[in-house]
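Dropping the structures in below, format is structure tokens.
Here chain A shows up in two complexes: once beside chain B, once beside chain C.
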Partner chain A sequence: MNQVELLINQFLEEARNPKQTVTNVMVSTGKKAFGCFPIYVPEEIIYAAGVLPVGMWGGQTQGSKVNAYIQSFCCSIMRANMEQGMAGTYDFLDGIIIPTFCDTMKAILANWPVAVPHVKVIPFVYPQNRTSEYSAQFLISQFRNFQSNLENLLSKKISEADIENSFLTYEKYRVAMREFVELVNYYPKTLNPKIRHMIIKASNFNDKAVYTKRLRHLMESIKEMPQERVHGPKVVITGLMAEPEQFLDLFTENGYTFVADDLAHESRQFRTRARSEGTAIEKMAYRIIDLRGCPFFYEENKSRGTLLKTLAKKYNADAVVVCMFKFCDPEEFDYPVYKNELDKDGINILYLEIEQQMDSVAQLRTRIQSFSEMIMNEIN
Partner chain B sequence: MFLGIDIGSSSSKAVILDMEGNILAQEVVNIGTGTKGVELVLEQIFKATNLQMPAFKYTIVTGYGRMTYIGANMQITEITCHAKGVSYLYPKARSIIDIGGQDAKVIRLNVSGQVENFQMNEKCAAGTGRFFEVMARVLNCGINELSNLAGQGNDSVPISSVCTVFAESEVISQLATGASRQAVVKGINQSVAKRIVGLCNRTGLVPDVIMTGGVALNHNMVKALEEEIGMPIIIPESPQTIGALGAAVLAREKYINNLKNKTNY
Partner chain C sequence: MSETNLTSKELLSQLLQAHYAEAIAAKAEGKPVVWSTSIAPQELLEAMDLTVVYPENHAAAIGARKDAPQFISNAESEGYSVDICSYARVNMGYANLQFSEAENIPMPDLIYCCSNICCTVIKWYENIAKKFNIPLIMLDAPFNPSYEVAEDNVIFVEGQLKDAIAKLEDFTGRKMDYDRLKEVMEISNETATWWKKATDLAVNVPSPLNGFDMFNYMATIVCLRGRKTGTQLFKLWYEELKEKADGSIGPWKDSAEEKYRIIWDGIACWPYLGPTYKILKKNGVNMVTSTYPESWTILYEPGDLRDMARAYDSIYTQRNIDYAADRLLNLATTFQIDGVLFHSNRSCKGMDFKQFEIQRRLTRELGIPSVIFDGDQTDPNIFSEAQYETRVQALVEMMAENKKKKGEKI
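Right after this comes the complex of A and B.
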């Protein structure tokens, strides 16, 4: 096994075993851990408190306890989080933060204190309308409220200097992530769809400073290799998240390259650059104000279609792959709007309805393979 | 000789083409993946043609069970194979409605007969052959009898649910309130037709429209679908074997291309 494979395998191992990874990081850094529900949370403030932020993006859990609180037709990520919470998976966390981006999250916020009372929750409200300066000021006040709640929960003061340093750490992480998703275009075989996803996923369970250093090491090692080409469709992938692993394997098997993504779990976390002026808290707020093309925030003139078209053109993509999580309202409401725009520009769309926990991917295999056959026209 | 095999969810099909691309034989066995269906259909077609596996220059397998069959040179999806099979028989075809045992697909072809767009039903069995199997069981008749039953009158009762489970309850309720079996079957056909139209609209239907798959044998269902889409539907002589035919046609093309490449080399 060469150096690159070793480094990649470590990330794979971490992405596949979140709890073990977090435990290892807690032992090696001496930090406590704090859970972060999707989609966006002020991780920088948690990190500034000397605590490890842990991304809570569901898992391969199919239990029955959650049915008492969340219906079976709700988002599989949220159901998995709740189930795992009730099963004691998150008992080691010092608390969690739940933002209210959708109806299911609002329901979880109300149910969590009853279902999992021993894991304390701090709620967080992002401004939906982000067109006025008041939105930024509201968000800043929310960050300060969260800081205060967190200080009380941890019995620890968080200094401004700690927040500034934490923000810098996260900015370095975001720069590295942007470079990483770009690098995939030159090494689509080594960084195939599954590996690409798993490396990004591993960041949820690691200390960001250490993770960034390791990711940079991996990228440098990869750059020493000759560039690669795969024979298959080049696509921009969009949606909430692209999981499970066997779903991503289907893309790899059919030679797809994810030339860019617009996934909430991936690039939406790090694609928006921070403004250069202001304090760390202000920069954090304006990053959210400046974020475009995300259905979890209100945009009167929806820019997601333009964003997808721009990505498709920039990377010469053959198509846009839509990963539609059942039954994610914000994503579903957005689809007809950007589909129209993509159709007008003649950009192919592969629409895939998925859940995080899927036992069978046979139908998806047919769609993904057929789409590849159609695009590549290698058979006809 | 070239062999195309289509291992579906509820039936197995095989087609043999000769070196000139003429159909030599085609067979259907009504059991699909995970059973001895593929062995049986090959046994039948070999018996009918006096051929054995070594006689085939190239074999392509398609269908739901394609990933687990190891006797072929290549596996290709049923969408590409149906497109190839249909355009082999109907060069002017631009749309395909394929309703098989477990899924329903609508495929749009370009003028060259290549796949331009396609849509498949989701995991649920609504609007597929399995839906009709469940309904036939409730109505205490064979699946093959459904078409004749629907043709016995003009009445129909609405079956509003497209979900197989809910529709089953609805059918039982209709029968309990005195609706005739004929009217219920007609209602079932209309319900499925409405479901398929959704897929057609998402794909964009262009004539000539060809229907393939086992459900195409249900003439009253085809009629209900024609009324919904407002276009005539052409049914091939053997709608179940179109996927296998496409696989055989592709096998022949693949062999010829390989040969050309070798010669050029």
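Right after this comes the complex of A and C.
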């Protein structure tokens, strides 16, 4: 096994075993851990407290305790988090943060303290209207409230210098991530859809400073290799997230390259650059204010269609793949709008409805395969 | 009785007809039309003398008159998921087809959206604004995770109210008349007060109010809260109900006896108003109140924008579960409730996903029985009359058992 394979395998191992990974990081860094619900949370403040932020994006679950709290027509990530919480998976966390981006998340926040009382939750409210001059001020006040709640929970003060340093660590991480998703275009075989996703996913369970260093090491090692080409569709992938793993295998098997993504779980986390002026807290607020094309915020004139068209054009993509998480209202509302815009520009769309707890991906296999054939026939 | 000798029901019908007719006439005259969410600060629009219609009201009217399927199917053919709010699907479809046998509204020139009722309206109205390429005024009333309304939230809403005034001035080319705004605020408070006074008369046993009438009057508290005609309507309704209450007259014209008093949790099943009502009445069950009509009891100090901001961010959909549960439990006690019927409304995830926990608290703290049935506010494909009837019967059995234990007559 060569150096690149070794480094990649380590990320794969971590993405497949979140709990073990977090436990290892806690041991090696001596840090406590704090859970972060999707979509965005002020991780920088948690990290500044010397605590490890851990991404909580669901996963495969057994059991059905969640049915005592939430009906079946609910986002599978939220149901999975509740199920895992009740099964004790998160007992090792010092607390969690739940933001209220949609009606479902508000309800999850309502149920969590009853269903999982031993894992303390700090709520977080983002402004969904970011067009007002009062929006940034409101968001900053929420960051400060969260900081204060976290300090109380951890019995520890967080200094401004700690927040500034933490923000710098996160900025370095975000720069590295932006470079990483670009690199996929030159090494689509090594960084196939599954590996690309798993490497990004592993960041949720690692200390960001260490992760960034390791990712840079991997990227440098990859760059020493000759550039690669694969025969298959080049696509921009959009949606909440692209999972489970066997779903991504289908793309890899059929030679797809994810030339760019617009996934909440991936690029939306790091694609927006921070402003150069202001304190770390202000920069954090304005990164959210400046974020475009995300359905979890109100956006005047909805730019997501334009964003997808721009990405498709920039990376010469053959199509846009839509990963529609069933029961995700914000994503479901966006789809008809950007679909219309992509259709007008003649951009192919592959629409796939997915859930985290899919028993089988057999049906999707045929669709992903035949779409690939159609695209390749068009090209040839 | 009013001076015109109209009953409140007749006045309600006249006012609603006039509301829709005036909007269509305004559009024909080239005046701008605003589409607004149902519990938005309509005071600003009314004070600017703008013509406003409410898509949620319209979707409910279309649903009640069984015309929803064509619009739902049109929206779904455009790519809207079957899982999203059916009011939104009806409205998206209507924005394409622009005609219903049930009721019609003119197309919008401005969108006015307040997120205090749900996050769903943000996406829905954002899409409508994009579709028609028209401006949207967004009032984000943030969720309150703590029991009390957060001061940060109030300041943020107040700021956005100021933004909204500036945007409305831009849109109309006219300055806001603050005296007129204060007057509209006074009217709105008065209308809301009469709305509450009328619906509160259902605390009487028997209740003079049949709760399904409350569903009917709701359309006007949405669209006439800022108008004197709204005040008149609810005052008249109050007087009629008061007269009935004083004479110990129950909810139904045919003198059927109110045996059980229940709360209906959630929005009505508009396409099945008849069956949902009749099955209850057949069993002597009167829905005396519901969880959300109180949302229009928006009271604040007229002239005080901050207090108004607080009122709009205080409605129960933006409050935490302890507040929501306490509110239901208070209603149950105040209205001497025997049971609760929870509508697991496929369109309203925000309300649905809290029902199981609220149901547990209701049982634990008050020992009041309840059942949950599946339905939808406008999509006729979710509700099953057989399931509803079985659940209602189960509720009646539990309520009868409770009464027996207490030695009350059944």
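Remarks
FYI, the second predicted complex is superposed on the first by the 376 of 380 C-alpha atoms of A that agree within 3 Å, B and C clash if a C-alpha of one lies under 4 Å from a C-alpha of the other, contacts with A are read in each partner's own complex, and residues count from 1 in each chain.
Simple rule for what comes next: a contact is a pair of C-beta atoms (placed from the backbone, for glycine too) under 8 Å apart; a residue touches a chain by one contact, two chains touch by 3 or more.
The structure presented is a predicted model; accordingly, all values stated were derived computationally and were not measured.
Looking at the superposition, the partner that touches the larger set of chain A residues, chain B or chain C, turns out to be C. Looking at the shared chain after the overlay, A:M374 reaches chain B, while chain C stays out of its contact range. When both complexes are overlaid on chain A, the residue A:D103 reaches chain C alone and has no touch with chain B.
Using the contact criterion defined above for the overlaid structures, shared-chain residue A:R365 touches chain B, although it does not reach chain C.
Put simply, chain A uses no single residue to touch chain B in one complex and chain C in the other.
Remark: chain A residues 68-71, 73-74, 100-104, 106-111, 114, 123, 125, 127-129, 131-135, 137-138, 141-142, 145, 295, 298-302, 324, 326-327, 329-330, 332-337, 339-340 touch chain C in the complex.
Those residues of chain B lying in contact with chain A across their complex are 64, 67, 76-80, 83-84, 103, 112-116, 118, 120, 122-123, 250, 254. Looking at the complex, you find that chain A touches chain B at residues 353, 362-363, 365-367, 369-370, 373-374, 377, 379-380. Residues 78-81, 83-85, 88, 92, 115, 118-120, 122-124, 126-127, 129-131, 136, 138-140, 142-143, 145, 150, 152-153, 155-156, 159-160, 163, 320-321, 324, 344, 346, 348-350, 352-354, 356-357 of chain C are the ones touching chain A in the complex.
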